[in-house]
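Consider the two complexes below, in which chain A is the common component and chain B and chain C are the respective partners.
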Partner chain A sequence: MLEIKNIEVYYGYVKALKDISLRVEEGQIVSLLGSNGAGKTTTLKTISGLLKPKSGSILFHEKIITHLDSSAIVRMGIVQCPEGRQLFPDLSVKENLLVGAITRKNRKQINDDLNQVYGLFPILRDRKNQLAGTLSGGEQQMLAIGRALMAGPKLLMLDEPSLGLAPKIVEQIFELLVNLNKEKGLTILLVEQNANAALRISDYAYILEVGTLTLEGDAKDLLKSELVQQKYLGA
Partner chain B sequence: MPMKLSNRTNFILTVALVFFVWLLLFFINGHMNTYMIRIVSLIGIYGVMAVSLTLINGITGIFSLGHSGFIALGAYTSALLTMSIHQKEVTFILDKVAWPFNSVQLPFLPATIIGGIVAAVFSFLIGWPSLRLSGDYLAIATLGFSEIIRILALNLRSITNGALGLKSIPQYTNVWWSWTWLLITVLFVGSLVNSSFGRALKAIREDRVAAASMGINIFKHQLLSFVIGGFFAGISGSLYAHWLTTIDPRTTSIGVMLTFNVLIMIVIGGLGSISGAIIGAGLFAILTEWLRFLEEPMKIFSFEFSGIAGLRMLVFSAMFVMVMIFWPRGIMGRKELTWNTLYSKLRRGSGESNE
Partner chain C sequence: MVTFLQQIILGLREGSLFSLVALGLVLIYKTSGVVNFAYGNMGMFAAYIAYTVFAIAGLPLWLAVLTAIVFGFFLGAATERGLLRPIRHLSHSAMLILTLGLLMILEGLALEIWKQDYKPFPSLIHGRPIFIKFPQGRIILTRQDLLIFGIAAVIMLALFLYFKFTRVGLSVRATAQNETAARLMGIRVGTVFAFSWGVGTALSALAAIMAAPRTQINPNMMLDLQIQGLTAAVLGGFESLPGTVVGGLLLGIIEQFVARYLSEELKMAFALLIILILLLIKPEGLLGRRSAERV
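Then we have the complex of A and B:
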């Protein structure tokens, strides 16, 4: 579904990603793991078209999307739920969700999706007229995911959704991701530092270290691998 | 009792309010003195200026300091179109007035609309390069462009009559023109803000990166908002020119001073609130007029003082600072004064719980 071929990304003269290649197959949950500063966010931003690679290419359904701008990429169904949630704090919960659907035109479908999101997160329905900035951390993450779902994603990319949340809420959110994947067939690219939790729900995973991919494999194998256990799972 | 008013009730109340305001204008127009009538017209003009700048600065989050440039474009264009051909020949003593103004005279309405369109075209031309910048750079760029417009007005003598400016512009602006244009501006900008386009503008203001990652084309949205704001600035310029009856390219006439005055209005009212902008415009017009007595000759304990020019603005600035201390986000903040907010205030007041 998504294929990245040998991309290099720079911030000014500093190379942030070196020769990265990865694939996400339709219907899978794929994790991109790595510690702080490894280049995970940079990778997602490049896929979204917010950053442009210096070389290499990105393909979605066999079509090259490297040159497209972010709004065209969202329209193709690649939607990002950004790091640190990045809500619109002075807009209401409902307005935040509607901004998610900004690239879509069909009002009836938008309304149906709004009700679906409210079904997934009943708390958002209760708070729909409240300003997003006044929600708790967990509720904000739910809103950020809800907003991304409103764009009608085929591939949902989440940047550290567990960041700063209580373990119980993390569990809830990961459970939801599994449900979206199993029941709605949504393909997910999950960026995490919390490798343990991420590997448990993933089919496949890549490990990124200072801008380079160092390891990849089936999530189950990585969970068992001693190297990964030592380095990322704190065992 | 229901939590919110229905759309129908909202609509009826709004129509009733407009009707009431028009009755009030009718009364003012018939029973008040000319001075009062002129101030009421001025409130409408300031309202259009403030609401158009609110769209750009408050709602879209573009920190523009170029508003007076667009106001001036609307003012000059429309005034040149409504002045009689004879009047223009008499006024232009340095250079002859250029084509097409030497051969056309138009009624107020088309002249005003053309003024708006010219301002909109220039906002497009200025917005195109400037909106690639952000924050302070954008502010400086727009300020610079509005100065360029002023300097052009000073030097393009065959169009603007240079430093002498335009005189004997017909005094067409009355309460009806200014308040009807205010109504149109509010209805237009208000429905824009509540549309999906408006939500995108607010999203850009709140977080550019997040807005871009939701697929919003920031540049296109900001440019369109800037052009619409420029259009209404041009309209307000036309109203202002036909209220003042003379315009010239001094900074204190329709130069940067005006930009800062409009900024003061929208900051007092609440940056990002349309109703706040109108409140700010009204307060600004009334206070600056009321404070005029400070500049008149005074007698305190048998000491005679001649008037001090500028004291009024000094006192006004002090008041402005006080407002900012007590209401850092302005009177309305980013909230709108809607029937629903009034309704829930009333319900809370009458002791019924809200949740």
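Then we have the complex of A and C:
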């Protein structure tokens, strides 16, 4: 579904990603793990078209999307739920969700999806007229995911959805991701520092270290691997 | 007491024009993050276009006004697309300096094309002025004064409804709040910038045309209004459109009182003084609230 081939990304003169290649197959949950500053967010930003690679290419359904701008990439079905949630604080909860659907035209479908999101997160329905900035951290993360879902993603990319949330809420959110994947067939690319939780729900995983991919494999194998255990799972 | 009321009415008359000017400035600033120093002169240039269509080409007044407003829209959109967007990645001050340059270019260009002499421009509506009688005298309000007030009110309401209830309006508000997130949701942020520059500059064109019967059309006609509009925007906190309108009306009243009870010459200086004091003690504006910086 998504294929990244040998991309190199720079911030000014600083090389942030070195020769990164990865694949996400349709219907999978794939994790991209690594510590702070490893280049996970940079990778997602590049896929979303916010950053342009100096070399290499990105393909979606066998089509090259490297040159496209972010709005075209969203329209193809690649939607990102960014790090730190990045909500529109002074828009209401409902308006935030509607911005998620801004690329879509069919009003009826948008309305249906709105109700689906409210079904997934009933709290958002209760607070639909409240400003997004007044929500709690967990509610904000739900809104961020809901907003991304409103765009009708084929590939949902989540950047650190567990950041700063209580373990119980993290559990809820990961459970939701599994359900979306299993029931709706949504393909997910998950960026996480919480390697343990991510690996448990993933099919496949990549590990990034200072801009380079150092390890990849089936999530189950990585979970058992001693190297991963030591470095990322704190065992 | 009655003079007091008179001063307020006269202040509102001036203030509604300040509000109109300020609305466009705030709209442009809120979405693209740039305080457009060339804003007034862009309106001035559009007023010259109206003059050319009306007085030189001899076409109807309404067509001249419409042409100028449409011209203003495209001038604004083209400025954003052609001049500002290419340097957006450089720095904020680069964009500010560009608008300063544009201010001077437009002034020079207007002088070059239309020469030095002031051009008269008619009021949009005529008719007997309205007299409001008080025991100690009366206030005269021209129809144009009432029109400015009416237009400012209608435009504010229209903008408010448009931004609240349409998809484009939602895109503009979202972009103003978080540009990166707007991009990630698929909003064409560039189009939003160009659009709000267009609408903002069209407002400047409209304000210039409204002011033209009094100031006559000349390269400096918007100099004072640019500063007054900026002051009104600061008073309103550079934030919400309703706040901006209130800021404009308030400035009109303040200036009126300064002119009446201190001195006519001081009223412009007073506008600058207000900016200074407000920025020092209440940078979020009288009606604004503290919030995170946009850029």
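One rule holds in what follows: the second predicted complex is superposed on the first by the 235 of 235 C-alpha atoms of A that agree within 3 Å, B and C clash if a C-alpha of one lies under 4 Å from a C-alpha of the other, contacts with A are read in each partner's own complex, and residues count from 1 in each chain.
Convention: a residue touches a chain if its C-beta (ideal position, glycine included) is under 8 Å from a C-beta of that chain, and two chains touch if they have at least 3 such contacts.
It should be emphasised that the depicted structure is a prediction, and the values quoted were computed from it without experimental measurement.
Student: Put chain B and chain C onto chain A via the superposition and say whether they clash or fit.
Tutor: The answer is clash.
Student: Does the superposition put A:27 against chain B (first), chain C (second), both, or neither?
Tutor: neither
Student: After superposition on the shared chain, which partner residues are touched by A:122: those of chain B (first), chain C (second), both, or neither?
Tutor: A:122: touches no partner chain.
Student: I'd like to check the shared interface: which positions of chain A are touched by both chain B and chain C across the two complexes?
Tutor: Common interface on chain A, chain B vs chain C: 48, 50, 69-71, 73-75, 79-80, 82, 86-91, 95, 98-100, 102-103, 147, 151.
Student: Which residues, counting only chain A, touch chain B once they are in their complex?
Tutor: That would be residues 45, 48, 50, 69-71, 73-75, 79-80, 82, 86-91, 95, 98-103, 147, 151 of chain A.
Student: Please give the residue numbers of chain B that touch chain A in the complex, ascending.
Tutor: These residues of chain B touch chain A: 196, 199-200, 202-203, 206-207, 209-217, 272, 334.
Student: Enumerate the contact residues on chain C facing chain A in the complex.
Tutor: Touch list, chain C to chain A: 167, 170-171, 173-174, 177-178, 180-189.
Student: Using the touch definition from the top, list the residues of chain A that touch chain C in their complex.
Tutor: The contact residues of chain A facing chain C are 48, 50, 69-71, 73-75, 79-80, 82, 86-91, 95, 98-100, 102-103, 147, 151.
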